[in-house]
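Common to both upcoming complexes is subunit A, partnered first by subunit B, then by subunit C.
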Partner chain A sequence: MNAPATSFDAVTVTILPPVARFNLRIAPSDLAAASQAFGLSLPTKIGQGEQNADRGAYCIGPDEWLLHAAEADQQAIVAAFDEVRANTPHSLVVISDRELTIGITGPAAAELLSVACPLDLSRIPVGGAKRTVFDYAQVTLIRDGEDAFRLEVWRSYFPHVHGLLEVATRELALGL
Partner chain B sequence: MTTYRVNGRGRVNTGKPVTFTFDSQTYQGFEGDTVASALLANGVHLMGRSFKYHRPRGVVTASSEEPNALIGTTRAGEGRFEPNTRATMQEIYPGLTAESQNKWPSLKFDLGAINDRLYMLFSAGFYYKTFMWPRSFWDSVYEPIIRKAAGLGKAPTHVDPDIYASRYLHCDVLIIGSGPSGIAAALAAGRAGSKVVLVDENSEMGGTLLSEPSVSIDGQPAWEWLEGAMAELDRLPNVTRMTRTTAIGYYHQNMIGLVQKLTDHIADVPDGAPRERMWRLRAKEVVLAQGAIERPMVFDGNDVPGVMMAGAAQTFLNRFGVLVGREPVVLTSHDSAWYTAFDMADAGAKVVAIVDTRNEVAQALKDEAQKRGIKTHLGYTATGTKGRLRVKALRVNPVSNGKAGDATHLSCDAVLVCGGWTPSLHLFSHTKGSLDWDPEAKVYLPGHKTEDVHIAGAGRGLWGIAAALEDGAKAGAEAIGSLGGKADVVAFEVTADRTGTGITQKELPTDRSAGKAKAFVDFQNDVTAKDIRLAVREGMRSIEHVKRYTTNGMATDQGKLSNMNGLTIASDALGKEAPQVGLTTFRPPYTPTTFGAFAGYHKGAHFEVTRKTPIDSWAEEHGAEFEPVALWRRAWYFPQAGEDMHKAVARECKSTRESLGIFDASTLGKIEVSGPDATEFMNRMYTNPWTKLGVGRARYGLLLGEDGFIRDDGVIGRMRDDLFHVTTTTGGAPRVLNMMEDYLQTEWPDLKVWLTSTTEEWATIALNGPNARKLLEQFVEGADISAEAFPHMSVVECTVAGFPSRLFRISFTGELGFEINVPARHGKALWEKLWEAGQQYDICPYGTETMHVLRAEKGFIIVGQDTDGTVTPQDAGIGWAIGKKKPDFVGKRSLDRPDIVAPGRKQLIGLLTEDPKTVLIEGAQIVDDPKQPKPMKMIGHVTSSYWSESLGRSIAMAVVEGGFDRMEQTLYVPDANGTPIPAKVTGTVFYDPAGDRLKVE
Partner chain C sequence: MLLIHCPYCDDTLPELEFAYAGEAHIARPEDPSKLSDEEWRDFLFIRTNVKGVHAERWRHINGCGRFFNALRDTVSDRFLTTYKAGEARPDTTDLEAAV
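Right, the complex of A and B next:
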């Protein structure tokens, strides 16, 4: 169940349920092995994403990927990468609890994010992701649609980020 | 009441009268009026008193550069008073309360005006000269009086109750200024399909066009054309128009700060509405279309209310439908003011005369004047005014060979002045673009550009609406061209354009004593021409020095009116061309900006990030006091009823040492160091050797900088051959990760190792005390944590209370200790389970203060408290943490530097006071002989000092010169009153030096 936090017609801010989340670091030349272990062809360009059912992979650095999967699959994915490690060095770190995810949807979603995110959001393609900041917090922004974003933020920064989103949602609702 | 409103003129909504008060008197204006235009419509020119001489002052301009008409405004609701609001920018709304400033007891009779009579005393630099002697008077007499007299307006006394918003914005072309050139640029760029933002500080767009309705563009009267242009821009989905929006600063790479006023013009502000919004806009191309600012003329009495800029009078007439006087005199050196005279005459004013300092003007102008019966005086100067609260006459003289002849007085109720026009280059100057001096026009024009910026219209010295439109369209097209696009050429057919030329000048020649002339250059700061000449006589050579000596240009208008006149006079006094004297630097913000706009959302709960651990809410529910540690708030101690900090901490220490304490260590930084070269990387980063550390074992790690000084420390566990679980200090986590990444990416890119922050993945609970294992072992599955199987400095993966865990056996207290890491979401649940089961051992939650005491009793250092960035491992007494056989590690080479191995360095030692009850003050300086003459030689300072409940006495650590060789010496540390307290030097391990307490079976 998603818990709606704040919403008005043009934008809804929701705290999303947890997922299995991983930070993958691997040499780009070894990417095929990781794609095979994860069961999804990992994107090769920073900012790109690839999705299939509940698996998602987002390239957020020259040798860095953010991986998402169903919570129940966490151990299996760790085990699959364990198999690969002997021949293909990499680092797979579980970060399921490090971040919390906020869903931001609606026609004013990008406008709401522009309150504290300095990126030109129009340049994030649908399906892509960017590591950026929201006010003082480092966040990862995933774009699921023209009007749909997920914002992942470290747990202790969540109250600050979520609180600002609430303030800004009220501001947008006033239309001033 | 007399009204100066002209029927059929202006753009205000005469169908909507608006009442407001100024100095408690009620006035009526119309929707669309500013405070200034509404007061002028009521015949009020006197709006304030000047800063230094308290001279009566009236409105001078119709725009944001206004130096005189600064008022206090009060919006509805407590705490909404604002000083120094510009009456020319503040729109009126029903219920607005405004007041004049800098007057006592009243605006019309001000006792402070005594300064004006004493003006000979208050010359340039008088603060520096007058208040130097006697020196002792400064603190008690001069400074308090100056402080009381200083400032303009009253500072607000309430906390600002308003909300301020922020937004980022990106566009292709930002156009600043919506006069003819700005609009033309917007049309050119907008029609080409680019994302365009057009901003203007006024409440409506149009700029000069609002003041020049008689011009015709493309066969339409100016205002019809303007309406059509606005409608077209609004129809373009790629164009955004923003009014009441000031571009305050031009920053690197086309980042422009915009402040948009949202509610200051509204009577009924919606609840929760922001007052202003700061836009941080990144534009690919910027077009500056800011126009030019009219220059005052410098002559005796030029500041009397009723003397104002001719262009402003034209704006008040045409935009607001207000005659600023019925019998004005125009005093000018530019053609533009002639048109003001014509417009005033056509609107029913009896224009007394046009006085022009030039000997020749175009015949067409003279014909137009004659047609209206306006007398003209060419080649004249102005040498004085009559009237104190309102101008009554202008004294003029013919000039021949630079000498003023016999004076005549022209009776009038307004003097409309134009001393030429200054291109507005403030924002361009923010970019550090160079300015070129145009010796013909005697103005600075934009020169070399450092940003992707285009300057259009009067901002680069052009004149006339046709020229501005053409130039704006060109700038818009150029911007599109720079973006790789192509804009259609936009051309405009302009008729009845008011082109013209003019000159600028120093202070006007006079037949009277120039030394007694109150010929103002800077109205707001009361700087006169003679002040500037005095500054030059007293040795100021650069305009930057003249500015600071006289305060010319240092008022809230930042010299928009005074800079060029000041420079002209200073360069004349120096006998140099203006560029050799310089130009003062323009700095952001362009106009006064509220602190609120800069602060944005950062107030109250969002002032700064407050990071909280997953267990924080438990601590809050159990009455913890908190302390900030980096961005975190951490439980400091848990007082019970009637306990102060001292008692609570004594109890927490005792309980932990005697039975069991529980501590939230979640804030410790955690880094996953993973990869086949992880061991090599650790060997290079940390001082310690890691090769032989077995899987499942942990070690204290010490991190140095390249300089050999301690940077961070923490316990590091080996999870696999190729995986380390590194912990850092709470505050050091981001720094350490950055430092590691830096070395990895720049020095050792060949190493196959990767770093991931896991600080927030894990919640960390520390259990310490002789009963720690008894409590923990009932929850652990998948591991044997007996003393034999799981010795001190071990780590194991297992489950604790069913939660997957990385369990360490380590101790920062000297007691048997464990640190349990579980996924963060389970942190509080695990804490509560341990808390409940721990009741049988009287489990005691403790905070950071007890943690500090317990570690100090064991002599464990805290990086940043016992070290200060100049302490080596040897200085701190932990040289054992250096891997002696390692070929290298960060900082190794520095440890052999001569000054690092020299004797007499400050070293960390223990201090025990002779009186065991006395607790030293942390940070206190240390001497070896309190009887030596002052200034005494300080040999170190106290770094940590506590009451130790376990030892029943005080303990302290200190860094002291040659400390290791001073064992048993008595040193002296002052108490709060400066009384020296004797203390004996010892080692730093005060409690259980043999470490027996770790060995609990």
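Right, the complex of A and C next:
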């Protein structure tokens, strides 16, 4: 995919291709049923993540998970959870179109994010995720590597967040 | 910027992720229709407005989304402790003495 990218040597900002996203709410004691339906053992602690091939699961609240999968698998996952619902009450909401993902990679990735993200980014473990704010827009920040992040933004906030990142990238490139 | 400890995330995070939600431990009367106008007014509007340690509700709105309670000194703006919603107000005499 020819994703629009803004970059200089130290950091690259890309708009990533769409994925299937779900918001799962389930009692932590029923987590095993959800793990089985999704085919990935869901993390139990807020901020932790679990990944396997194109599946990803991130714990973002005491009973709330963000699930990622390939776009083509969306219907199958919804069907799998429908079967679980008979015995285990939960809520699975498809939020694929609610958000866009921005990829931020490069040695200056954390520095770029710190322009508008108040978190101490060094404390987010690789593979972890956190819901937080980016200049007043609510985002989910996923850390894929020491200097690789994904930022999930609601589409209505996207022009603002992406615009800010572009401006900040140019500032970093100029050494401001 | 204030750093606030979220008892659900078990992490200390920047104030920007949180929203203030008024005084804590105010129980809604079981049967409002039995209350006099003055009692109902007191429940709705009258707050303690303490100078010192204040029990207040906060919500981790840009995080786990949970409401919890905090004890904050309104003079120094220092958070003494935070605890989950539904728990009793902890005894903080030793913490206050350390201020």
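Everything below uses one rule, namely that the second predicted complex is superposed on the first by the 174 of 176 C-alpha atoms of A that agree within 3 Å, B and C clash if a C-alpha of one lies under 4 Å from a C-alpha of the other, contacts with A are read in each partner's own complex, and residues count from 1 in each chain.
One rule holds in what follows: a contact is a pair of C-beta atoms (placed from the backbone, for glycine too) under 8 Å apart; a residue touches a chain by one contact, two chains touch by 3 or more.
Model, not experiment: these values are computed from the prediction.
K.L.:
Output check: A:I46 vs subunit B and subunit C. Expected answer is one of first, second, both, neither. What do you get?
P.N.:
Only subunit C is touched by A:I46; subunit B is not.
K.L.:
On the superposed three-chain arrangement, identify whether subunit B or subunit C touches more subunit A residues.
P.N.:
Residues of subunit A touched, subunit B against subunit C: more for B.
K.L.:
Which of the two partners, first being subunit B and second being subunit C, lies in contact with A:P118: first, second, both, or neither?
P.N.:
A:P118 sits against subunit B and subunit C alike.
K.L.:
Looking at the overlay, does A:G61 come into contact with subunit B only (first), subunit C only (second), both, or neither?
P.N.:
The second partner, subunit C, only.
K.L.:
Per the contact definition in the header, classify A:K130: touching subunit B only (first), subunit C only (second), both, or neither.
P.N.:
second
K.L.:
Which partner does A:P28 contact after superposing on A: first (subunit B), second (subunit C), both, neither?
P.N.:
In the superposition, A:P28 contacts neither subunit B nor subunit C.
K.L.:
Does subunit B (first) or subunit C (second) touch A:P17, or do both, or does neither?
P.N.:
After superposing on A, A:P17 lies clear of both subunit B and subunit C.
K.L.:
Once the two structures are superposed, pull the subunit A residues common to the subunit B and subunit C interfaces.
P.N.:
118-119
K.L.:
Considering the complex alone, what residue numbers of subunit A touch subunit C?
P.N.:
On the subunit A side, the touching residues are 46-47, 60-62, 64, 118-119, 130-133, 138.
K.L.:
Touching subunit B in the complex: which residues of subunit A?
P.N.:
Residues 18, 23, 25, 27, 63, 85, 89-91, 93-99, 114-120, 122, 135-137, 154-157, 159-160, 163-164, 167-168, 170-171, 174, 176 of subunit A touch subunit B in their complex.
K.L.:
Considering the complex alone, what residue numbers of subunit C touch subunit A?
P.N.:
1, 8-11, 13-14, 16-17, 62-66
K.L.:
With touch defined as at the start, can you tell me which subunit B residues reach subunit A in the complex?
P.N.:
163, 165-170, 262-263, 270, 272-274, 280, 282, 601, 605-606, 608-614, 632, 672, 674-676, 722, 752-754, 756-762, 823-825
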